[in-house]
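The structure appears below as structure tokens.
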């Protein structure tokens, strides 16, 4: 283990540099002249026009996903740190693999949409990371990043080019895909030793506040996520407006149902951190369609509801019956709402909200996304199960100190709490 | 209480969806053709041009205001969580009520300015929330959101359409309005039991750092707040420049006076978190006028000074003499600087910095904003005083655990500190 | 000390206001008509086009640098608070001093580039602040801000106007300059009493997470930093793309080498917080050149490697042999990568990636940046060594409580840990 991780990281980066040297180039006058449909001046203008949306997505990927997973009391370094590592690797690999699949020339020309799509491709891995959070090594995550983004790019190519389906906010190709891929990996890596939970698998007060940094930046910038690669004009406009209202409606639904399902009507931070975002996921597929603002609010509300219900009733069931331990509950934030998004897309196309696809093609896209995700995840899980990747033992799950130098003070902290707990803990009001 | 909150939230969201279904539509070719003054192509371009400014405002509303209020040691979940809840409700209601008042057709067409204005309307409630923070239930806040945004929209309509006054950064219509509305509610909800303070009404080291996240994102994006709906060109440009320099000057004044008024010349985090923002509030009304950069720095400096002085001398006086308990000191951050902004606007118009209004109209706008705020706040306070809203008892004020499932660990935490405090606390250097 | 800080702050702000009144004006029709090369309409359009990039830089300066330095367990208030203070002062002074040096008329016209450059100029001071963090008073920092920005502006003027060198992302003029200036000040202010370290000079678990807020926002927005003042079109486009990939490559290199050099192959938060950013620094000088994406990845990887090696081997050496105590290790994040950036710039120009400069001119710019930084830093250090600035005694270094009212609870906190530590601390797994 001592040298496997650094050597693998170095090897991957060297490979990326070589591949970039061979295949990647700037989008310059010459390359654009080869594409008769675009003129340079508009493309350069479009670059700066879309750059703020790219930056919003960039914040979501690196700060949003990163902090969202810091809710565990002893796993904040890994959450935000490994998130950065795999996203940085993923965006390089995503640039290459998407470029190879989509490019019509021998070279990949980097434009603003490539950068946005590269960031998008990392999102699938970050979602899957949530399912296996705390039970996996950085080395395993490097491996998973390379495999998952490859499978993702192939499925996305199928969806866009073969099924000609539309999925502008990627409910199916990113969210459902990432969730079911991660769940399949988690199923293969099932740890019987953790079936009664783990002492570290809980939050402390301030770790829940750190997680809210992630929630809020995801929530705020989600309209940019769903609209960044939309067609300029009406479609991009609608993608922003629909997502804005879907998320707002989702918040009220999530709060209401969090209070409904919880003991004594209290709110649960897990729901607030996650289910409030489900509206952004679920409105994704039909975000740029003329579905009417009120319909995006219906979709958002339903997403908030099923997400809370999933956290409350499905996640425990998954852990016990299906033997799938889903640390962050990605099934509830990305899986179910992603499926809802796919179904909403089918319905919207059937009802004529878009004429670029058919219901059958949309259904094929949903099936393909979940199918390739499960298949890819199972294979990836089997590879990661090989005893060569430094997977942490059960007792050090959800614990940064296996992979990080952790400040002395944190140790006192947790030890202290354990010792003092019994004397000072009093029943809540 | 068990079901009141979720049922109210669901009922409100259902109502929003129905009203959106009836009144709201996309801004499309057809609707725009009805408005001869705008052409579609420019409007769509303007959408993406203003979208980054909208996103800056969006960050301020959800992350800025949310984290600014997390300074209390045991009330972080509520601060950032209820902030999200009421802003999500408020932006839906604000879209409707502003649309109804401003629209010349039967339908409300959603454009980028509607979204910015919807976000703005929530700011009033978030400011008022600061005055009653820790003493009010989520249910009460839902109620207050609906009432306050209605009153706000009416006053804004008066100011803009009847008095024809200008208030581009909303010093009067948002900041002064939100502050005095909140203070009026707090006055009605006065709690004699808290007149000697409350054990929970203080910060811990890290809660003060969480609050700085809010401060900084508010500070950074304030130029966008003051310019987002300004007229394109010179006026928008000036709104950005004036706010930028006003805030910079305000910081130095706030630091200087924090040190001047504090015991032994130390800096006080409460001042730094709040008074450094007063320059953004106070320059709001005349932000887009040709007042000269140095004059915005004078306004910013004065705002920083009166804000610190307000925290030091007025807030204690308010609590004891006026029986108004202002948790976050919104009077010092929004009330006084908002009034200063209104007065600066009157002076600037009198001196010819703008020709779109008259001093008398500006004075009427200021009077109207404070008048409707106080009246609206008093009535709202009386409604919220009804014993049906689940208001927390005095001993559970400023305590998340009344409304939230709080991690076990937090409880140890605070209990521990209380037990150990007397033995280990030593005088500061 | 009691009144020196507030009076100095007030005096400086009054001076700024007077100077702004005399020299600064809006960029209006009239002033632009005097410059035949620009037309108003394009400039106003350019203002809003660049405004999102300005805001990204603004986030980096105030939230990025501010939180990056909160890693110390007892110095978070000062890190984020003094950062705000000196940046707010610095942007005003930077506007003036850069305007005086660059303006061809008697007046300084404020445009978006002035605002970006004003923010840039503060970055030098914030970098230097990192070298002396915890050992210096707010009063000393006000002084240092005024001096350093003056020297910076003179050097930048030399580099751009006399040597005609190019340094679009400011590897030399900001990063190397800021680092060596700070190190020179730290050398003069050497504290023998701290040669064995200081109990406060360490992080706690959550302070390291706060620092990651800074790291991530710096990392995310660095492409905007390197491109904000680049020439519109291809150059600006390349500056964004090169920085994006340089940073991604840098992350993998930094993680790999952090694990390689650390005991038992673990990752070190200090490296992750800092060295992951070195790629942004190092690609700065040639960011807008046609160096090819793979070459920016090479530069980024090298920067990540030398940064980690610097933290591991050079910083301890500096402290013991060179008697330079570099609190944040700015030499490793800004000094070495800045020099690497300067050298890469020389090589890139020599290889024909840019025709606006020559290798000799680039080398002169690098030499000038480091030379003026060291000279300026030494003189500044001597001035700050005068016993009139309220420098904290050794025992209160890295401790907020000297300059801030600190919540009671924090004190318990640290005292507690010290008392309990010996009983409960157990060896790490």
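A, B and C are the chain letters, set down in written order, and residue numbers restart from 1 in every chain.
The rule is simple: a residue touches a chain if its C-beta (ideal position, glycine included) is under 8 Å from a C-beta of that chain, and two chains touch if they have at least 3 such contacts.
Bear in mind the structure is a predicted one, so any value in this text is a computation, not a measurement.
Under half of the residue numbers found at the chain A and chain C interface occur in both copies, marking it as a different-residue contact.
Its C-alpha atoms superposed on chain C, chain B is turned by 120 degrees; the angle is given in steps of 5. Inter-chain spacing, taken between the CA centroids of chain A and chain C, is 32 Å. Contact with two or more other chains is made by residues 52, 206, 213, 416 of chain B. Residues of chain C that touch chain A in their complex: 49, 52-53, 56, 73, 202-206, 208-209, 212-213, 216-217, 219-221, 224, 232-234, 236-238, 240-241, 244-245, 247-253, 255-257, 259-260, 262-269, 272, 276, 290, 292-294, 297-298, 301, 416-417, 420-421, 424-426, 428-429. Contact residues on chain A toward chain C in their complex (touch as defined above): 1-3, 5-7, 9-10, 12-13, 16-18, 20-21, 24-29, 44, 47-48, 51-52, 55, 58-59, 62-63, 66-67, 70, 76-77, 80-81, 84-85, 88-89, 91-92, 110, 115, 138, 206, 210, 213, 396, 399, 401-413, 415-416, 419.
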